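By letter and in written order, the chains are A, B, C and D; residue numbering begins at 1 in each of them.
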Amino acid sequence: MLIGATLAVFVVMTLAIIRGIMGSSLYDRILAVNMFGTKTVLLIALLGFIMGRPEFLDIAIVYALINFITVIGVLRYSDSAAFKQPAEEKRPEEL
Amino acid sequence: MTFLVGIAIAIVWMKDLIAVVMLAGIYGLLSASFFVAMDAVDVAFTEASVGAGISTLLMLVAITITGRSEQTTRHKPALAFFVVVITGGLLIYGTIDMPYVGAVDAPIQVHVAPRYINDSMQEVGVPNIVTSVLASYRGFDTFGEAVVIFTAGIGVLTLLPMVRSRKSDEAIESLNESMHERHMVVRIVAKILIPFILLFALYVQFHGDYGPGGGFQAGVIFAAAIILYAILFGLPAARRVINQSFIQFVAAFGVLLYGSVGLVSLLNGGNFLDYSVLSADPIAGQHLGILLIELGVGCTVTSVMVIIFFHFAGRKEGKQSMKEEETR
Amino acid sequence: MDVAIEITSAICLLIGSFLCISGGVGILRFPDFYTRMHAVGVTDTLGAGMILIGLMLQSQDILVIAKLVMILLMLLFINPTASHALAKAAIHNGLKPVLGNKERNNTESESSSR
Amino acid sequence: MVIGLYNYWIVVALMMIGFYIVIAHGNLIKKIVGLTIFQTSVFIFYISMAKVDGGTAPILADGIERFSNPLPHVLILTAIVVGIATTALALALTVRIKEAYGSIEEEHIQEKDNQAC
C-alpha cells in the first residue's frame, strides 16, 4: 500500500515536472514548483515509513517550510518591473 | 534520477532566466529526495534548505537586478559540445572500473568508516554518527568550513556596500500601507508561522546529536525565517529587528566561539579541538564541545546568510529608489 | 481492531493517491493557469492530508504522530496561502483567464483565488 | 552492470551538462546555474559512493547493524553550505559587473574591455 502511494506520488511529480518545463507563463512554473514541493514532502514521509526510520519526518517539515518561503519570495520579487514579460500589458506599479 | 538529467537539459535550452531559476529550484528539491533515498539524511536536510530555498531566492534577487533575458549568442557550440562529449566519454570509461553502487566491500566502505561506526558511541557518545564525525573527529575541517563561510560573508559585504536609501520615512510608511493591503493574508499566515520556524530551527540545532540536523542546517532555517520576514514586511522593518552591526558581530562571534573551544581544550592539556578534556568525564566533555561548536557554526551560518540576503535585497531597493528619483 | 485500522489506513492512502494523481492530470491537461491552479490547490491539500492521515494510522510512536500532525497543520496553512498569493499576483500582473465570456471569467478567477 | 553503475553515469551526464553550460553560454547568471548543476553532480557522486546495500541512515539505533558510510555525508554537508556561500559571492560579483559594464553577457563585456584599451 505504501509502495503504491509512493508510485502515485512519483507519477504526479513527473506530471508536475512536465508542466514546469512546458509552462507557458511564469506562474505556471511557480505552481509546478509549489506542487512539486508538496509532493516531495509526501514522498519523504512515505519513504521514511517504507524504510522504517520515521526520523525522516524532520526533513519533511523542513521541506514544507522552505517550499512556502520560496513561493512567497518568488511572488514578492516577481512583482518588480524587471520580471514583466514583454508580451504582458504593462501596468503602473506601486512598488 | 532520470528526472534530474531531463531538468538539466531543459535548463540548457531555456532562455528565460527566471524559468531557469525555477527549474533549478525543482532540481534542488529532486536531488534532495535522491539523497533521502540514498540514506544521507543530514545531507538531504541541508540540500533541502539550501539548494531549494536560499539559493533560489538569491538567484532571483540577482536576476531582478541584472535583468531577466539571455541573449541568444553561444560561443562555438559545436566545439563545446565536442569537448563535452569527449570528456564525458572518458569519464564513463573511467566508471567501468568503479565498484557497484552499494557494494559492501568497496574500498571506501572498509577503510576508515567502520572505525567511526563502531567506536563513535564509546568515544563521543552521540547517536548521530554524522554529527560526531563532523564536530569531533573532523572538527578541524569544519572549523575551516566555518571560516570559509565567514569569509564569503565578508566578501559580499565588501562587494555590495549598502546603498543608502534616500526615501523619507513617509514614503516608507505609505509603501508599507499599500503592501499591507496587498499581502494581508500572507502576512497573517507568516506571522503565525515564523515563530514555529524559529522554534523548529532551535530544535534542529540542539537535536542534532540524536537525529538529523546540526548547526549548518539550523543556521540556514533560522536565516530563512528572518528572510521570510524581510520579504513580507520590507527590508527596513527587518533591519529594525536585526541590527546590521549586531548581525556582523554574531557572525564573528560564531567563528570565535568555535576557535576558542579549540583553544580551551588546548589549554586544558589536550589537542586543539579535543573535547574530552573539557570536562572530567570524557563523554560529557565531548557533548559540551559538540554543543558549543554547533552553536558557533549555527551563529555564523545564520548571520552570514542574513547578511548576504540583506545586502542583495538592499542593493535592489536602493537601485529602485535611485531610478525613481531620476525619473522625477 | 488492528485489521480495522489497517483497512482504514489503506483506504486513506488510496483516496490520497487518487486525489494526487487527479491533481497531476489536472495540472497537465487544463487549458489555462487559473483552472490549473484550481485543480492543484484543491486536490493537493486534501490528497496530502489523506496520505498523512493514512500514515498516522499506521504508526505507533507518539512522537511520529505528533510530527505528522505538525506537517499536516503546516500544509493546511501553507497550501491555501500559497495558492491565494499566486492567484493574486497573477491577476495583479495582468494574466487573463482564456476560457469563456467575461462574466464567466470573473467568477472563475474569484473562485480559484479563494 | 547496468544497475550497478547507473548512478555514476547519471553523474557524468549531469556533470557534462553543467560543463557545457559553463563553456557554451555567455550569460553569467546562466553560467552560475551551470556551476550549481556541476556541483550537485559531485554531491550525488559522493553520496552514491556512501550507499551500502541494506544499510540505513547513519544514526545509531537499537537493532540496526549496517549503516551507510558517514564520512562522505559529512564532507558533502559542509560542501553544500560552502557552495551556497561561494554562489552568493559569484552573484555579488555579477551584480557589480552589471553595474560597471551595463551587461552580463560575456561578449559585451569583452567588447567594452577592448574599447577601453
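Keep in mind that, in the parts below, a contact is a pair of C-beta atoms (placed from the backbone, for glycine too) under 8 Å apart; a residue touches a chain by one contact, two chains touch by 3 or more.
Worth saying up front: this structure is predicted, and the values here are computed from it rather than measured.
Minimum number of contact steps separating subunit C from subunit D: 2. Counting C-beta pairs in contact, the pair that comes out ahead of the other among A-C and A-D is A-C.
In this assembly, the C-alpha centroid of subunit A lies 12 Å from the C-alpha centroid of subunit C. Work out the mean CA point of subunit A and of subunit B, and you get 19 Å between them. Each chain gets one centre point, the mean of its Cα atoms, and the points for subunit B and subunit C are 29 Å apart. Within subunit C, the positions touching two or more other chains are listed as 74, 78, 81, 85, 92.
Residue positions 14, 30, 32, 51, 55-56, 58, 61, 65, 67-68, 72, 78 of subunit A each touch two or more of the other chains. Residue positions of subunit D touching 2 or more other chains, listed in rising order: 56-57, 59, 61. Of all possible chain pairs, those that touch are A-B, A-C, A-D, B-C, B-D.
Remark: subunit A residues 13-14, 17, 20-21, 23, 26, 29-30, 32-33, 36-37, 40, 43-44, 47, 51, 55-56, 58-59, 61-63, 65-70, 72-74, 76-78, 80, 82-83, 94-95 touch subunit B in the complex. Subunit C contributes residues 9-10, 13-14, 16-18, 20-21, 23-25, 27-28, 33, 36-37, 40, 44, 48, 51-52, 54-55, 58-59, 61, 64, 67-68, 70-71, 74-75, 78-79, 81-83, 85-86, 89-90, 92-95 to its touches with subunit A in the complex.
On the subunit B side of its complex with subunit A, the touching residues are 3, 6-7, 10, 18-19, 22-23, 25-26, 29-30, 32-33, 36-37, 39, 41, 44-45, 48-49, 52-53, 56-57, 60-61, 63-65, 67-68, 175, 178-179, 186, 190, 193, 197, 200, 204, 211-213, 217, 221, 224, 227-228, 231-232, 316, 320. Residues 74, 77-78, 81, 84-85, 88, 92 of subunit C touch subunit B in their complex.
Note for the complex: subunit D touches subunit B at residues 3-10, 12-21, 23-30, 32-34, 36-37, 40, 43-44, 47-53, 55-61, 67-74, 76-78, 80-89, 91-96, 98, 104-107.
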